[in-house]
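See the structures that follow.
Next come two complexes built around subunit A: one with subunit B, the other with subunit C.
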Partner chain A sequence: MAGVQTSAEKWTNRTAIAAVFVALIIMLTPIYWIAATAFKPRNLATTIPPTVVYEPTVAPFVKLFTKRSQLREQPTQEEYDTAPWWEKMVYDGGEKVVRNRKTGEVRSSGYGDRFKNSLIVSVISTILAVGMGTLTAYGFSRFKVAGEDDWLFFILSTRMLPPVVVAIPMFLMYRVVGLNDTHMGLIILYTAFNLSFAVWIMKGFIDEIPREYEEAALVDGYTRIQAFFKVVLPEALTGMAATAVFCFITAWNEYAFALIMTNRNAQTAPPYIPSQVGSGLPDWTVIAAGTFLFLIPVAIFTFLLRNHLLRGMSFGAIRK
Partner chain B sequence: MAQIDMRNVQKFFGANQVLKDLDLTIEDGEFVVMLGQSGGGKTTALRAIAGLETVTSGQILIDGVEMQDKKAADRDIAFVFQSFSLYPHMTVRENISFPLRAVRMGSADREKAVNEVAEVLQITEHLDNKPSALSGGDMQRVAIGRALVRRPKALLMDEPLGVLDAKLREQMRAEIKRLHIARGSTSVYVTHDQVEAMSLADRIVILHDGVLQQVGAPEEVYLHPTNAFVAKFVGSPVMNIHEAQFSGVNGHSSVHIGGAGTGFHFPEQLINHVRNTGQAVSLGVRPEAVLLSHEPQEGYFPAQTSNIEPLGSHDIVDVLVGETVLRARTESGYIAREGQQVFVNIDPAQAHFFDGATGLNLRGAN
Partner chain C sequence: MPTNNMTRLDPNSQAASRGLSDLSIRNLFIIPTIAFLIIFNIFPLLYSLGYSFTDFRASTNAPAKFVGLQNYRDLLNDPFIWKNFSITAKYVLISVTGQVVVGFGLAMLLNRTIPAKGLITTLLLLPMMLSMAVVGLFWKLLYDPNFGIINYFLGLGKFEWLADPDMALWAIAIVDIWMWSPFVMLLSLAGLSAVPKHLYEAAEIDRAGNIYTFFRITLPLVAPILMIAIIFRTMEAFKTFDLAYVLSSQPTTELIAIRLYKMAFQEWQTGMSSAFAYIVLIMVVAITNIYVKYLNKVKAR
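So, the complex of A and B:
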């Protein structure tokens, strides 16, 4: 910031800050809405005008994780009294928790498994994309590759058509090779999506790392691969963190392929959450609870890497 | 410590030849400075010795062993980069001990070696800092420390002072010299700064367009440049070099520059061998060999002064001779103001004649 500001500049600044606030409110309102709905009793979720003040409840989360059915008859007083607090919440909502007939165990809605699938697929595909992307970028950055520009363009061109265009052929191929509804299938897909992005971003970062660092290590008695791990990689971490955040978000939020390629075993959370809209009357609080939980990992991941991300967002300006 | 030999070294980058038949022997314990313009091939030559650049043909021998096909790591040579290239994610201590970890030296020995080098370079207090916390001079000390710590066969430096400011450069120059005298390591130093070359080198190697121009002690290169390139490159201010014409008047032979009617008197024996070649010839004379006088003297002729650069210890005065300018070195304040008339002459003993086409010094070695 300049030390001296004219009054015109002050007003420009204030206007800019006001504009940022307005933008912020527009961006944050849907997130507030999801979070608020996730803690609302069902009867307040869709009121017009919206209910702003209410007593928060975790009932939507209980419902999110359990399999439920409509109550045909009210539970007996004894059943109700002996039920744990969370089961009472389900009774209060006019439903009952479905239990295994033999063992009496509460049956899961499957959300937890979907969430776990999302984590597995996103984390592994992110690690693969960033790892392979970094190595590829290093190769392009440091060695003379015949037709380098063409290769890089080719790598980028894989992102030039909307991925959904290839969904049907991919689905048919996956069915033949048995990758349908497997973690491996989604991991391969997401890694392939993210790889071109990772290569391009990482190339920018690695180009910025002076070659002298490795050359110094080479002269000092290290092999190239040692130099890569000891010198280049620590310097590239910022870029890798920024790239990882983007890859993770892409994989985490991917909807279309997850919907087509998976149904039970490897289904991720995004296709699962809206599928709950369709069974019986939509319970928006449950959907909001599912969505709310779904937002958390990305928020945590981004928060943990925020320092790297702030520097990394300037794409390349990593020196000093 | 080691002797380094380069034999018929050629290097092409694509079709572009950057080293042409380079033959050079660097003696054990010698401090050799490679001097030249950027793009002259000096850095490539240095990198070829280090193994950071392959050579297209020719041999590089270290202590008589062929090294041109060996990896950098196997040559036991240290390299100091212009950009220091200290690893930002490591402390100074880790930076200096990095080469020792490559050879898996024990931590106690490592600690000892690092402390010893740090003491010599006076950077002990910075050992636990990150490089980013250091000043430019200290960064370069660390870089030199990292190079010296494993006692390499030779120390190669690629414009190590290039990014430092003038004052620090002078100070570090002295330190490098002191260090070299103390440790006696074979050193090859690349620079485009002729002052650095003159002050540091046992021998200077001048490269231009990939061709070795001259190898010699600083004073030899300064006093007896083999060609016009070397003459212009070494010395500050630059040697005056102007196309020359010859005439014989009153039993004197005269050398004219800039189309001036009057020439400088030269004894016959000094110019006989150049005046009758029929080739275009240039006269080269260093500013200190341009003589000025307020009074008319034998052999001096009148001229106008123009620009004056007062440098404290001396002045550099531009003197208009015909259509050209001769730069003269005078005691400070000798010429009071621009435009003043003086009488000018040159010292024939310090004059050089260069072939107009090839640039070769026609006087040969005096």
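So, the complex of A and C:
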């Protein structure tokens, strides 16, 4: 590989690079198609040949957040003229915005609430999992624990359980204590799920922090707890941030528990979005708009996380 | 083992006697997590172990009646359950094989000097970070026989992907391959970059052919990490629920997790489904055990 390249090697290299670009285009097409469909007028979303060039519109997003009904009769000219720009978009699509009879306020679809639920549940469960996970990882990293490997296996195995298997008893127990369809119920489940991951990956990060740092602090008169908070924690911050992003993404994307444990009040976006397809002809531009907004945080986080993906995906075993 | 080569503070030293003792800090840090996991993961499983010996149905108020091993016997004698297992086995085989071929292939292609390699790798990894349920759903549009872009670009006319009972499982596996090949690629790349360059140079001096070099140098050295990727993906594919559930309701795509979900939350056969869950659980713990063995093996290197 090193040294002067022969012409055959050069040729192989060029073919490989071309193949990589082809693969990249194929891999990204579905994601591009979601983004493209989210900005299309409805009649261009399902055409043959597929519409590639079009004038982008935000109508799908307006429709995503509002409750609408089929337009029975055309709005009067005055109604149409006085309507704000976004309501015109809905009229243009052959639908009208549903308003509260008394106040005239525009009724919203369920999407905004589901998105908010996703945020609440993901953020809180992430904080809990990373907080507890870091402490536990430190405990396993620095102190002798009898049967350490068995405990770590036990912790990891809780993560590997199929969600539906855990959901059956959890559903029954939650029914008894009234945690079904609550934020708290989902937060507990996601914390338990992510906690095991956080312990494994944080242990890898903390193992890498030299013990000499703490020992120097102890010699300087710090207590063990002070040394942990003032010396170890700052060193572990990058690792904690990476772990947090992983936990957030896992909770954000989770589907099975949310499907089983919530139905309205605490429902998150992943079970909500597929429920909008239903039967009949779905409006794919609205589904694409909902999907697009839902994917943005994950796409951004993936870029921030790019140097930690390997470690996160291998539970800290491969560090590079 | 990592614990053996670490220095320990002398428990009698001055430092250790200040503040909380190491022992109490250790317990304070570890016990809450273990307790939390026992309460919310293990206790529920014991709870459902009890139900697995009853005919309990969560949809009625009728008290649970003890039926012994009847549920387990019924399940293991039910030809439809075995059908679910064979569908799952087929699905795991197709999807993991596909991911290994595509993922390892991509890693081989990427394992050279390429302009903007970091950016390309990150973009290739994007699919595996996305929600299977939400993005998987969108593939319904891509697969649509009338206006889906897949049929259009492949020139397949009105080919039925999801409505055809034989094709649907493949269609789901293809989405899974799309999402998770990047995972195999990521791990393979780590394995490939760890192969010492001098081995290739030596092979070149010996005038070894490309195929020989691949099978005698590359593959054996990447194998342990590749094995981790395969076991992990096998376990995940075995548990697949989201993707198959949003994409298809065909009986030919009824994976174990879907059957379990229907039994528990649509037919409300709580006792029976608890027994079923236990059968699945034992299988998953067995695979996890193998997985962890390999993780520790790679870690030890």
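Operating definition for what follows: the second predicted complex is superposed on the first by the 275 of 320 C-alpha atoms of A that agree within 3 Å, B and C clash if a C-alpha of one lies under 4 Å from a C-alpha of the other, contacts with A are read in each partner's own complex, and residues count from 1 in each chain.
As a convention for this text, contacts are C-beta pairs under 8 Å (C-beta built on N, C-alpha and C of every residue); 3 or more make two chains touch, one makes a residue touch a chain.
Bear in mind that the values here come from a model prediction, so they are computed numbers and not experimental data.
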Partner chain in contact with A:Leu156 - subunit B first, subunit C second, else both or neither: second
Partner chain(s) touched by A:Val219 [first = subunit B, second = subunit C, both, neither]: both
Which superposed partner A:Phe65 touches (first subunit B, second subunit C, both, neither): neither
Touched partner set for A:Phe197, first subunit B, second subunit C, both or neither: neither
Superposed model, subunit A: greater residue contact from subunit B or subunit C: C
Which superposed partner A:Val231 touches (first subunit B, second subunit C, both, neither): first
Touched partner set for A:Phe257, first subunit B, second subunit C, both or neither: neither
Touched partner set for A:Pro30, first subunit B, second subunit C, both or neither: second
Touching both subunit C and subunit B, counted on subunit A across the two superposed complexes: 215, 218-219, 221, 223, 226, 320
Partner subunit C, residues of subunit A touching it in the complex: 1-2, 13, 16-17, 19-20, 23-24, 27-31, 33-34, 37, 46-50, 132-133, 135-136, 138-140, 142-145, 148-149, 151, 153-158, 160-173, 175, 188-189, 191-192, 195-196, 199, 207, 211, 215, 218-219, 221, 223-226, 228, 249, 252-253, 255-256, 260, 269-271, 273-274, 277, 284, 287-288, 291, 294-295, 298-299, 301-303, 306, 309-310, 313-315, 317-318, 320
Residue numbers on subunit A that touch subunit B, as the complex places them: 210, 212-213, 215-223, 226, 230-231, 234-235, 319-320
Subunit A partner contacts - residues on subunit B that touch it in the complex: 50-52, 71-73, 75, 77-79, 81, 83, 85, 87-89, 98-99, 102-103, 132, 146, 150
Sites on subunit C touched by subunit A in the complex: 1-3, 6-9, 15-16, 18-20, 22-23, 25-26, 28-30, 32-34, 36-37, 40-42, 44-45, 47-48, 51, 58, 106, 109-110, 112-115, 118, 120-135, 137-142, 144, 146-147, 149, 152, 178, 182-183, 186-187, 190, 193, 197, 200-201, 225, 228, 235, 239, 241-242, 246, 257, 260-261, 264-265, 270, 273-274, 277, 280-281, 284-285, 287-289, 291-292, 295-296, 298-299
